[in-house]
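The same subunit A turns up in both complexes below, where it pairs with subunit B and then with subunit C.
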Partner chain A sequence: MSAAAVEIRPPVWRRLFGFNALTAVLLGVGGWYLGWFIGHQVTGPSIDYFGDIDQNDISIFLGYFLGVGGFLIGLGFGVYPWARLRGYPPSLREKETEGVGRYFGLCTDHKVVGIQYLCGIGLFFFIGGLNAMLIRAELLSPTNHIFPPGQYLTLVGMHGTMMMGMMTSGILGPFANYFVPLMIGARRMAFPRIESLTFWLLMAAGAILTTTIFFGGFPTGWTGYEPLNDQANGGMDAYIVFFALVGISMCLLGLNMIATIVTMRAPGLTWSRLPIFCWGVVATSILNLLAAPVLIAVLAMAMLDRTAQTVFFNASGGGSPYLYQNLFWVFGHPEVYILALPGFAIVLELLPVFARKPLWGYRLAVAGLLGVTLLSFLVWQHHLFVSGINADLRPFYMLSTELISIPTGFTFICGLMTLWRGQIRFTVPMLFCLAWFFNFLIGGLSGVFLSDVPSDVTTHGSFFSMAHFHYTIMGGLVFTFFAAIYYWIPKMTGFQLNELLGKIHFWVMFLAFNSTFAPLFAVGFLGQPRRVVSYPAHLHFLNEWVSVSAFVLGASMLVFLYNFVYSLLFARIPAPANPWGSLSLEWQLPSPVPVHDFDRLPVISGEPYAYGEQGGPPIAAPAPAPAGGMS
Partner chain B sequence: MSSLADHGTEYGVVESEPPELLGRNLNSAAHLLASATAFFFLAFVFAYFYLRSLDNDHLWRPKHVDPSLTLGTLVMALTVASAVIVRLGLDDHRSGRRAQWRLKGAVALAAGVVAVVLQVVEWTTVGFGPADGGYASVFVGWTAFNVFFIVGTLVWLENLVATSIRYREIPSGAPAPGHASGDPGRMGHDIFDPLSLVRQGLEALSFYWTFLAGLGVVAWVILYLA
Partner chain C sequence: MATPAIAGGGRPVSHGRRFLLLWLAACVVVTPLVAIFLGSAIPPGNGSEQATSQVFDNTLMLALLTPATLLVVVFLVYVLVSFRSRTTEVVDGPPIRGDSRIQVSWIAITSATVLFLAGFGTYELVQSGAGGGQGPDPAFQPPGHAKALDVQVIAQQWEFTYRYPAYGGVEVPHLVLPANTLVRLDVTSLDAIHSFWAFELGVKADANPGVDNVAYVTTKGPLTFDIHCAELCGLWHGYMFDTGQVVDSATFAGWIKKQRAYFAPVLKYLPPYAESYLPDPAKRAG
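Moving on, here comes the complex of A and B:
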């Protein structure tokens, strides 16, 4: 750091109360109380409705909205819009400085945002996981023994909502933000401030969801079904605001990713040379962009029902709860693929590196990703098979749902054929990728039972469907999330994780995961419903087995956490620039990557997966320096 | 060590991005935002036809639920007029008539604000409440969020008009290179010419504002005429 920079450094108090996370929390809490106060002034106890139920949803919503506003202002998100309102010109960068402080505020460096996402999502993943441990602790007994039924429902709801909401950005947040610009030869995302905003909105959302316990929780699970939604106490408001903020974050994240990949690819990086991970990001971003607005709209309707007394979902007033189910699942099923597709992309990106072979069927893999994207919008009513929909609609939705197995199969084929006769290296990232094949196969096959009307009637709402979606989402997303962490952490931090601890983490997690969720298929077939605190005594042994396995699964996360902290804070073994021998562009840069990414924009001259080709040309070279073209 | 980047490199020799990049980003974003907006309002279109077809307890639209066609038409017409004026302002800007663009921009802004005010007037005089059946709920929700999107777009328009007015004395010809991510130290301002992005911003805004006005026409047909 230069001497001039040291001289202008502000005093400690100014740094503490500048635009940063501390100020944001203070203004967020202040905004909450201001909204709460205004809400009571606007409505107050004079309105009979609120007097009757002793609950003022308008106050709660206003509190959340002004709280989020204060939080963002505290982070510094108000400065730029205020300058623009006064006619000052646009800019792209903010606080791209060095030091730890940049991780606790608005920063437009995509690499900082990636690491913010990794830590932020990790925190809420940990909270969601703790909820799961509590759920399994309760289910150690056939009758409730720790939590009363209402609290149990809130636990289940918080676990599901936290995981489904926060993990939508589980791979795009940390890894796409960090690596997509590097993979396409760009120096930044298309809209860096929006990139930062998506992260902080997600953090605000996570904090808001945890406040539901102060208002009595919510009884609906992650789906927020009506009419329970409308009848629930104030904790439901936290659910609505949480998911709406997640939806806004998802939508903006998708917009930013697509704009970046469409407009900022380096010269020579044609669509047919685009890394498959970027294709997965494009496919997921399309879903983010188009499905999340429907979620925001349906939650806006739910909010209006709870505050302005509209009757969108109130059958006795001219509305219909089925309207909620339809609109929610127009978002909700693409949401499943928003979680799954990045996992596909990670696997296909990593397999060639560790099999030392080109990706088999690149175009088929791309077709698979885009095919899933398209079909995912045409299947939502399979969630309503037992809700009383028109029976004539069932065959179409059964067929469209089963059709999705075809493009999904493309991904499987491409992955397996890439492995075929490859020189496989069983590194930790590769182990997690291989586990994906096993887990997702079971998840996918069990999904056929749920898409098929006759078997869905039997299994819907049981632990069978719970086991199915944990196999697809945890087995598909979370395993690949860890594959990505072990693969890219050396590039992100400059340090390598301990290999032995990584393998211990993998094997404990893989075995415990299967030991936890495979028996739940049987539990479901034997009749145990989801979201119910008690169950028949003859299912006691299976539930005990599952709970103990779940605790071991939770313990495997502690192994990872230990490895992460030990390797990055204590061992600090420097990682080589390209430890895996990858040909991808991000690995051609030093570790960690400099703030400006590339000195000169690269020109892409080769295929991304030319492994095994002797004497092949490099995939990228710096562009020739233009005469007088440097700034 | 790769030749693509090096810690030891002086930021002073970092190459600039292509100057047309910022405009391309804005243009892409406007189209993507329009797609997202369409899906948002599709939820209200779905709600309208779904609840109308169900007509639970014949409460879809009781007889007294009848919003003012005059006010609704005025709101829609002003929105469309504002979008058309912005488009004409864009033509002025392309032709170098910057003073005319500033005037048209201000007029378009005023038309948009009047549309919002008239919508508020309609809500306060509409003669039915949000609880008066399915139609009333859809009407309140759809118009409320339509106004929300209109206000957001007007803020965007205001930014462009304000920048054009603030820097009205600066002669600006063709868009100057946006030195995005390329300046030494990455601490200074990164776009040299403050007016260089007005044109691209205006093109993106004009597209989105026209799209939103089109959605306003669809809303007017469904909510007032259907």
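Moving on, here comes the complex of A and C:
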């Protein structure tokens, strides 16, 4: 290390060459053209449906695959396996001390990956949000159209797919990667290169989904139902590759998190002392690990139907569209809990800090998280109540779906009782957590209507269900995503976010969010199906109201963006090491956190969240001299 | 620790009791209002037996879920007002780590509510099929289903057509049903997945190629109802809607007779009536 420090660094233009994002993009584009070329060479005229417009599914798939391969090689993911093949010794760390450049390539420092995730996911979150603005602009009027119906469906599909795909890692990516090692007293993740790989796969996936517009978009929405999927033109291939890459990334992320938390906890950090956020990460990771492979499999089948003329989902050839629906929702229902559970965990983690009380009912909260995890694998056919499949089993799925509200209720009672008799401080992260209670309450209780078969007959596939899952996912995940940002950014960057702007952001977002999605329950009950480009005239006023509210909601994101850029790049007011007075381990480290996290690994001697308890915190700052509960 | 506010007589306030009273008062006032005004206003309305039972379901669920909503909302408001930190310095609250009585009663109450809801929903479903699509062998049939009027709903991109097997398999572009009749709708598709949603009748059934998805509906008096496709089916999904009618049986008899005469010349070009149809071998469209 000391030898490298005195070495004179080459000029900037020389540092552009090497394994980094720039090389990756160049090799990715090159790989795309190579795949495209090979695809055209191997495709016979009988398969080349779109010869007239030069769209050929085999070319497109090969282009994407080789493009992703080139992208990863350009980032340097091939270097270490190649070195190992040649007999070099194993190493766990790579490129951790290269200035700003380490953010633009393969880096095994979990803190760098966390910040990469935050910026990368943030970028695609804003693209997805922009799509939503365009959707609402189109729905301002039932008759005057901004977009032709094909473009409109592509916008709907891109919004849904981008959000459902990218935001699966919305909290696990930035915050679990950054803070799980710090919370459990480890110096790295279990598989640091895989950690970096999950991030870069996600970036490749996001770029690929965006390229769907060059191939005519896709008409299926985020569910990609067959046989419409098989009918659709080349843009569908982008959807398939996107979601498959996201699936691989999710699966690896879950694997990495579970391995880290199981094997790398500091001495004394027993399972009953684990911070509740880490429990939420474990629960979500189990879902990631077990659900994502089903998604990859079903998309592989859809790809074969589109390229190799198989008939998995083609009724005329002996296949069944039901197969797709079943497999998709076997993934798809755990998927929505992959989005919701990290939100539960963030709320339960932050409430003790701002209510100055221990988490109420720790074991019940853990049971709630794990109960939701288990039950979420048993409910998927509630998405198919009117589809005609397994109609006799509807009472079972109605029961299992409604049972999920019991462990979800554990989260509520634990969170609410943590507030009871507390010393509540209304900081920006706390406001976002409190909003979660209201939003998820509405989202959860409206879900009871959808889980009840007779009621679902009307609400299924309508704007009611759309309002329901926006209350749970946007109200549940995105609000806690912002809570986590406002809470942890001072630790991640060492700078404060502006509190006044944060409060403006919160209030505008909270009010506009409810003003946008609450009327959509009515719109659904009054008979507007989802994903329509036109609607009955009597729903015009409600739709206009919702669109205007949605624009205000979009504007609140600009307040956040301004705050983020202004505070971190221009104002740069240094944050204290522990501005919230938190007792958890990550806040005992200096800001920003040193590369190797801990000089001495901490030893945990008590339960977490010891607010108000005698004898002070059981975790003292890790320091060379043992102090308090430390050894 | 938060010092409890001292009431007039100098006794410490029991926050638990005060909150419970507030919540009960809110429930007593709000729940009947919600059930009476909002519940009965909830669609799909009174257009068929199934729609009526859905409205009943929705009303009952609203009446049950309103106290649950109030519990959380009143609790939040109470807590945020009573237990807000009144100093700028950071003071810890009391270290309460749980209370098994509250935990057990919470689990018991939520479980009982959930089991009741599931049981009630199952009962409503078994009674009449609730208007939902039940696949080719419906398990939950309303009484008298053997004599139901058969109507086939054929979905294709991007319209619905209807065949009446009881009237020579005539195929018509608009749906007309007789009043006060149990109708068996056989919903199927010729291409992608659609969903037949007759809003005021409280009927929704997915249309799958090669599948006969049966839904029962018992019509009431004459009515005009909206039909939408409720499953994304491609380019013109947003325009796949229609209006149907329930008319009295004499009008229906006259109407179907006229349709048979009018469409007789094209009948021989239609495929023979079947429970479902398969699409042409894999053919792609934009």
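Operating definition for what follows: the second predicted complex is superposed on the first by the 588 of 631 C-alpha atoms of A that agree within 3 Å, B and C clash if a C-alpha of one lies under 4 Å from a C-alpha of the other, contacts with A are read in each partner's own complex, and residues count from 1 in each chain.
The rule is short, and it goes like this: a residue touches a chain if its C-beta (ideal position, glycine included) is under 8 Å from a C-beta of that chain, and two chains touch if they have at least 3 such contacts.
Here the structure is a predicted model, which is why all the values come from computation and not from measurement.
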| field | Touched partner set for A:539, first subunit B, second subunit C, both or neither | value | neither
| query | So, does A:611 touch the first partner subunit B, the second partner subunit C, both, or neither? | reply | second
| Touch check for A:278: first (subunit B), second (subunit C), both, or neither? | neither
| note | Winner on subunit A touched-residue count between subunit B and subunit C: chain C
| request: With the two complexes superposed on chain A, say which partner A:304 touches: subunit B (first), subunit C (second), both, or neither. | output: first
| request: Figure out whether A:316 sits in contact with subunit B (first) or subunit C (second), or with both, or with neither. | output: both
| A:296 contacts which: subunit B (first), subunit C (second), both, neither? | first
| First (subunit B), second (subunit C), both or neither touched by A:394 | second
| Intersection of subunit A interface sets (partners subunit B, subunit C) | 309, 311, 315-317, 320, 322
| Which subunit C residues qualify as touching subunit A in the complex? | 1-2, 15, 42-44, 50, 53-54, 57-58, 61, 65, 68-69, 72-73, 75-76, 79-80, 83-85, 90-99, 102-103, 106-107, 110-111, 114, 117-118, 121-122, 124-126, 130-136, 138-140, 187, 191-193, 195, 197, 199, 202-206, 208-211, 213-215, 226, 228-239, 278-282, 284-286
| Which residues of subunit A touch subunit B in the complex? | 81, 84-93, 96-97, 187-188, 190-191, 251, 254-255, 258-259, 262-264, 289-294, 296-298, 300-301, 304-305, 308-312, 315-320, 322-323, 326-327, 330, 577, 585, 588-590, 593-602, 620-623, 625-626, 629-631
| query | Across the complex, what residues on subunit B touch subunit A? | reply | 1-7, 9, 11-17, 21-22, 24-25, 28-29, 32-33, 35-37, 39-44, 46-47, 50-51, 54-57, 59-60, 129-131, 133-138, 140-141, 144-145, 155, 158-159, 162-167, 179-184, 186-187, 189-191, 194-195, 197, 201
| remark: Listed in rising order, subunit A residues that touch subunit C in their complex are 49, 149-150, 152-153, 216, 219-221, 223, 225-228, 230-231, 233, 309, 311, 314-317, 320-322, 355-364, 384-392, 394-395, 398-399, 402-403, 405-406, 409-410, 412-413, 416-417, 419-426, 434, 437-438, 441-442, 445, 448-449, 451-458, 460-462, 525-527, 529-536, 581, 607, 610-613
